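A, B, C, D and E are the chain letters, set down in written order, and residue numbers restart from 1 in every chain.
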């Protein structure tokens, strides 16, 4: 118990801190690094909750794959000049954001959340393992959305290529 | 009754003539023929009405011919009809006979006018309308004729519409008449609501059922119409200006017939008016006031036709005064005789105008008797008749009214008496200035002056004869009219007993009047009684005064003008009626309208309407700024939206 | 044991931070990163609910969210590259041609 | 209210609506030169049908005659329902007449001929539909559909500020009709909740027995729609704008037909549906009617633009219709309906006259005009007769209606009738001012203008033909109104059955 | 192990038969993808797409209603089939306008076709989703594809460089705001999942019936807001004008029509199936959103210079009109919602198609000035545009009137007078800009002398749309019947 509490507070504090970093760092490299930090902390949280598969995916897909995209783009685009944040909007958005957070926190604390309706109690999970449980569900019951998700990725890939690629002819003309 | 059914021809012959001249006048008939068609039309009407007159004279009684139903009104049906009784028979005879002569005169007078057919169309149409008015047996048909003659009067006044003055005069006459008609129409409505009917005979029968003040109100509202039509104070201002029309028009419409319609209407509705002494009083005072005021105005005018016009207004005042006094028969008799001599005067004036090429100013005439002896002689006859010199018609018709007034109301008598003197003065002022006096004619004009052709002089002579002899038929006319105007003689089915009792009360004021009906007796009595001598002397005095001022120039008129300057100015400016009306109703109302248009429609209503459009556009412009193109702003607004919507639920739950 | 509500509140906090990030960042790459943050925040809530509910459906959902985050990142970065190529700038100020 | 129906042996009304539409559709694909003959022939056919119906209509008893009904949207109880009573019939006839006249008048139109006639044909169908439809949805469809062609007519073939005027016209009337729609929908919903019946038929909605407060609400909603169309003061400002900018034939239709829709709505819907509210609002409606008469008469007097004068005079005349309608007695109702017909004739004639003047002089302003009477006698005569009919001279059509309306008003409230009677004076004032300043006073007019008049041509055949029927009808109604009063009397009694217990 | 086995055996074999239309679309998409790789024959590509869509359209009629398949993650009821049908119809029409537009602009080609098909697939999934999983992936498939489609205005024509950039900008704005919306929807789903323990609509409704606590309500509200964002309701509409303007016009059409109606179908299904017992709450949210959308959309549209952008705002306003029907959570309201959504297809396609066809002309930017005197240059286009404008305005005898009438009926039937009055007032405001289009077309003289290049197919599309708008305006009975039936089916849940 002690350990999970320490882990929760550590991971969550760090996650929030690095999230704040993400939105305030001027240098994009730092931004990306703090994003990675957030993602890792969140995956840490997943692990503390026992969701190993998701935690691992988070690390793999997010922290590695996606961030690599960003780094690639950042390396192409020259260093950003000027202010990182817009003070005018900051003045407005932080109170608004804070109020929204208060409302969400209120909802999460005073909302009545269901518990123990599923069949995957910790005992079951312990027996078959989180990865297998999730995987089984993913490939049986949620197979259809999974297939659609693959289409989404396909489309996104095509889209990224079409939009992002350089037109040779166009350059020649321009 | 069957043998009277031919009377439909009386109004419709002129209508048919009007339609023929109107449709074919320009293309086919052209100048002489259109006039001849019109004369034939009106002559047929005259013949028919005279034969109807003789019929009713011989057999008596009244005949109600319903021609067709005009419009049903609940249980009541307004019909187009002919009510033939002594009153309407007399009136239609006056209208048609005098019209016939005026038409004949007009064929000469209008010679060479480019709108010759139009003139006769209007004139025939006028006669139709006038006869519809005269012969009506109900108020709506009366109103139809009433407005119809108004329209025709308007068109004929504006006959020379290219002249600004003529067009304006026509406009003015129509509008002023309409003011009266408004009152008249409300009166009709009130009558219908009160009696449930608009037929005279039914109304007469139902008078006892209605409350007294309602009767008074109806009578006064209807009299309001008469005030407009007959140019009485305060709606008289149009009549002098109406002289812009061709002279036959002035003779026919603005002297002999239309303007007398008010008098006729009051007589026609005599039971109604007689049932209300208040109404009779109002008629009396308005008539008296008009008679006097118009006479004063006539004193100082310089326009030959206007002088006669004021005399018309004044004489109409006498007629109304007679009616107000309860002497309906005398009023109607004065109407008939006035129609004759006033038509004569106007036609003579028209003849003069033809001779001197439409110069209206009396100061530019003079010595015309030399050039136009017939015209001068007939004019003189007319002037003497108007002045009330025996034995001309005017004496027999006007003096009884003045004398009767003495027995009833002293003030009224005084004004009427004074008016008579003034009348004699101004008409002879006109006569002396135009036909005698020095030679002020423009030499160029003088070379062309000539006596008018026979088709103009013959009517003059005929009418002059009428003006001489008509007065002697006084007793005949009064007796003839009695079945229509005297409750004691009226038949039971014309006016029922109950109504008669009411009427007797109203007419009681006339009971102590003792004026002989026989013309000869009247002549003898008035030449012997102090009152009659006074009246006669006054008239002669007026003539004499005119003679010494304008013929002999013993007293200089300039000196008179200077001495009585305030009075002169007052009279010359027509008691400032025109100025006040113009300031308030014409100029003031127009300015007010423009102001109201700018304020009400332009500023307030359209301000709101177009303003809301502008506000919408402005709102669009303002809201548009939210679409600033910056993602940050977009997401910020979005998050505010989220915040607000969540808050709604968190606060409510 | 930490109450699961804390996880959900945390997820809300991270999400709001992401939202603020979108609003205030002037660099469009950072803006895109902030959306990643938002999407990622939700994952915590899903996993927490899963644990509470003794279910794995939430974790499956997380999988889809990851997919979509990746897809959006890909498309977004492609667009950023194109925008950069056309305007040589990645500031939000360039993205204001369409407005009003 | 009980209604009797006499089915039509042949769908004459539907034919009358559809025929112009078909013609418009065909015209779209034909060449321009067919536009005029086809339009004139079609409108003549419709006019013949309507005239025949006028005589075939049995006015001895009240019944919806030539009645047709077909199911249409059963889900909502909407059916296609057309038929006529005397009110609808006279309005239908007036519409057919006005369009025939407009088409004959329009033969010399030069600009975008085909579209012009298509727009008018569509407009004709919609206008006829408004008057003969007994289903509220159909009524509303026609009521609104009419806006589209009218918008184009004003906007395309109008004068300088035509777009402003067309938009103003459209939005103004659209505003009113949407509230009208709200009211009708509200009644429909009420009907459903209280009787369980789904029907948009006039006859079902007429017998709802609404509570008083709802009657008030629905009356107001409907009245707003109608009042704008009438137009009543203070909703009238679209009218001068639209009239001034519309082409001549458009003005004719606007005055002769479109304005009647508002008063038709009051007579047809407001009174039978909301008897209590109608009684309650008598003072308000009377006041508005009298303001319309007097105020707009002053407006008319203040104008320089001849079409604006006539436009304001229309508002003033509609005041009489309002008064007659809300007098709630049979004289007033007959008067209102006859005034509607008569105003259709006179205002159409006056607008034709204004258009005629413009075609010759290229100006609508009084200051540019004058002194024509001598050179164009036929026109001057026609113009004079129209003006006099408009002024309400007895013997012409205007008087009959105004007299009856005033009589009805007088019976209900003396003072309003007395005030309304002022129109006799001021109406004559502005109408004659118009006539004088255009036709008379040659003296004051620039000699160049007179020279133009001297060389101008009096009415052409088409102008004469389109004017003549109006003039004849003014006389027909004025001289023998009995026929018309008999025709509409049973209908008036039926409309007023909730007030006078007939 | 046993649990897994139980699970696997319990779910059984999915019934792929019900997926035939989607599968045909998918296959077509891949065929087009490969055709695009190997051949640049444009006619072939567009023909393939249209044929594939037609086949899919036909296959819809073979499907039996009422199947719930793929472990309860996919529903094939009358409602979804109806919307699929209309999605396919509208996509066919829109795709038919693609070729000549892209040729004239010299833009990428084949990609548009298969991406459209993918987006269509996403929408077909959306309308068939009985479960937040399917809902989510369907929504995202269509959204992400649409981001790409918006950003694909990439041309070799140097004159159009500006459009290239605008397209990217619009896409990026759409992406960021859409991404935020996705996050909001995800969070809402999380809350709903936590509060009910399930992703299934029906089961959520059961949970809501038992205990509508703040968590569930908040989830519902956030879901509504997220969906409002996708449907471009104020104040979540900001992406729409920019993306609509930036996108190639046929894609704008696609967004304004297909994406919109799919979103509306999804909204209706979620609201009715998942939250029937808290309908008061979401009706309130939707009524406020509707009122805001109408107001803001109409007012801003008054001030536009470009007709394309004006139509974008008008589309926001129409979101308001349509969702106003949700303020009255009754059978009538849903029927009005469905009816308006369906008929909106025709007027919107028509109006945007006019822009698409005209934009092919050199130097034509779809501004009001460009439209001046259109009636003289092309009477046909002017008259159909007139029909579409009046239909959008809601003037009979066009079908727009019946759309609004239905909403009126629903609102007044539920006694929501205030919204009805707002609708009325906003309709009047909207007259301001719709009439402006008509007046510039008819009442001005042409400024430029341009000849249009519009072929028979395009003409027939316009005429077809206008005729449908008019016919439905006279005889909406069939559509009303369908809408009423669908709404009652939806309420009864019989389709499940």
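Structural remarks
Throughout what follows, contacts are C-beta pairs under 8 Å (C-beta built on N, C-alpha and C of every residue); 3 or more make two chains touch, one makes a residue touch a chain.
Here the structure is a predicted model, which means the values were calculated and not measured.
Distance from the centre of subunit A peaks at B, each centre being the average of the chain's Cα atoms.
The chain occupying the central position, as judged from C-alpha centroids, is D.
For the criterion of most C-beta pairs in contact, the winning chain pair is A-C. Per-chain Cα centroids separate subunit C from subunit D by 64 Å. Distance from the subunit B centre to the subunit C centre is 96 Å, each centre being the mean of its Cα atoms.
If you average the Cα atoms of subunit B and of subunit E, the two centres end up 79 Å apart.
Averaging Cα coordinates per chain places subunit A and subunit C 6 Å apart. Shared contact sites, meaning residues of subunit D that touch two or more other chains, fall at 171. With touch defined as above, residues shared between interfaces to two or more other chains in subunit C number as follows: 8, 11-12, 15, 18-19, 22-25, 31, 41, 48-49, 52-53, 55, 57, 60, 64, 68, 71-72, 75, 78-80, 82, 92, 95, 97-100. Among the residues of subunit E, those touching two or more other chains are numbered 133, 136-137, 140, 144, 147-148, 151, 154, 161, 168, 171-173, 176, 180, 187, 191, 194, 197-198, 214, 218, 241-242, 303, 432. A list of each chain pair in contact follows: A-B, A-C, A-E, B-C, B-D, B-E, C-E, D-E.
Touching subunit C in their complex are the following residues of subunit B: 624-625, 627-632, 635-636, 639.
Residues 1, 4-5, 8, 12, 15-16, 19-20, 22-23, 28, 31-32, 35, 38-39, 42, 45-46, 49-51, 53-54, 57-58, 61-62, 65-66, 69-70, 72-74, 76-77, 80, 82-86, 89-90, 92-94, 97-98, 100-101, 104-105, 107-109, 111, 113-122, 124-125, 130, 133-134, 137-138, 142, 145-146, 149, 152-153, 155-157, 159-164, 166 of subunit A touch subunit C in their complex.
Listing the residues of subunit E that touch subunit A in their complex gives 1, 3-4, 7-8, 11, 14, 26, 70-71, 73-74, 108, 111, 115, 118, 121-122, 125, 133-134, 136-138, 140-141, 144-145, 147-148, 151-152, 154, 156, 158, 161, 168, 171, 187, 191, 194-198, 207, 211, 213-216, 218. For subunit E in complex with subunit C, the residues that touch the partner chain are 133, 136-137, 140, 144, 147-148, 151, 154, 161, 164-166, 168-173, 175-176, 179-180, 182-183, 186-187, 189-191, 193-194, 197-199, 241-242, 245-246, 303. Chain contact summary for the complex, subunit B toward subunit A: residues 632-633, 636, 639-640, 642-643, 646-647, 650.
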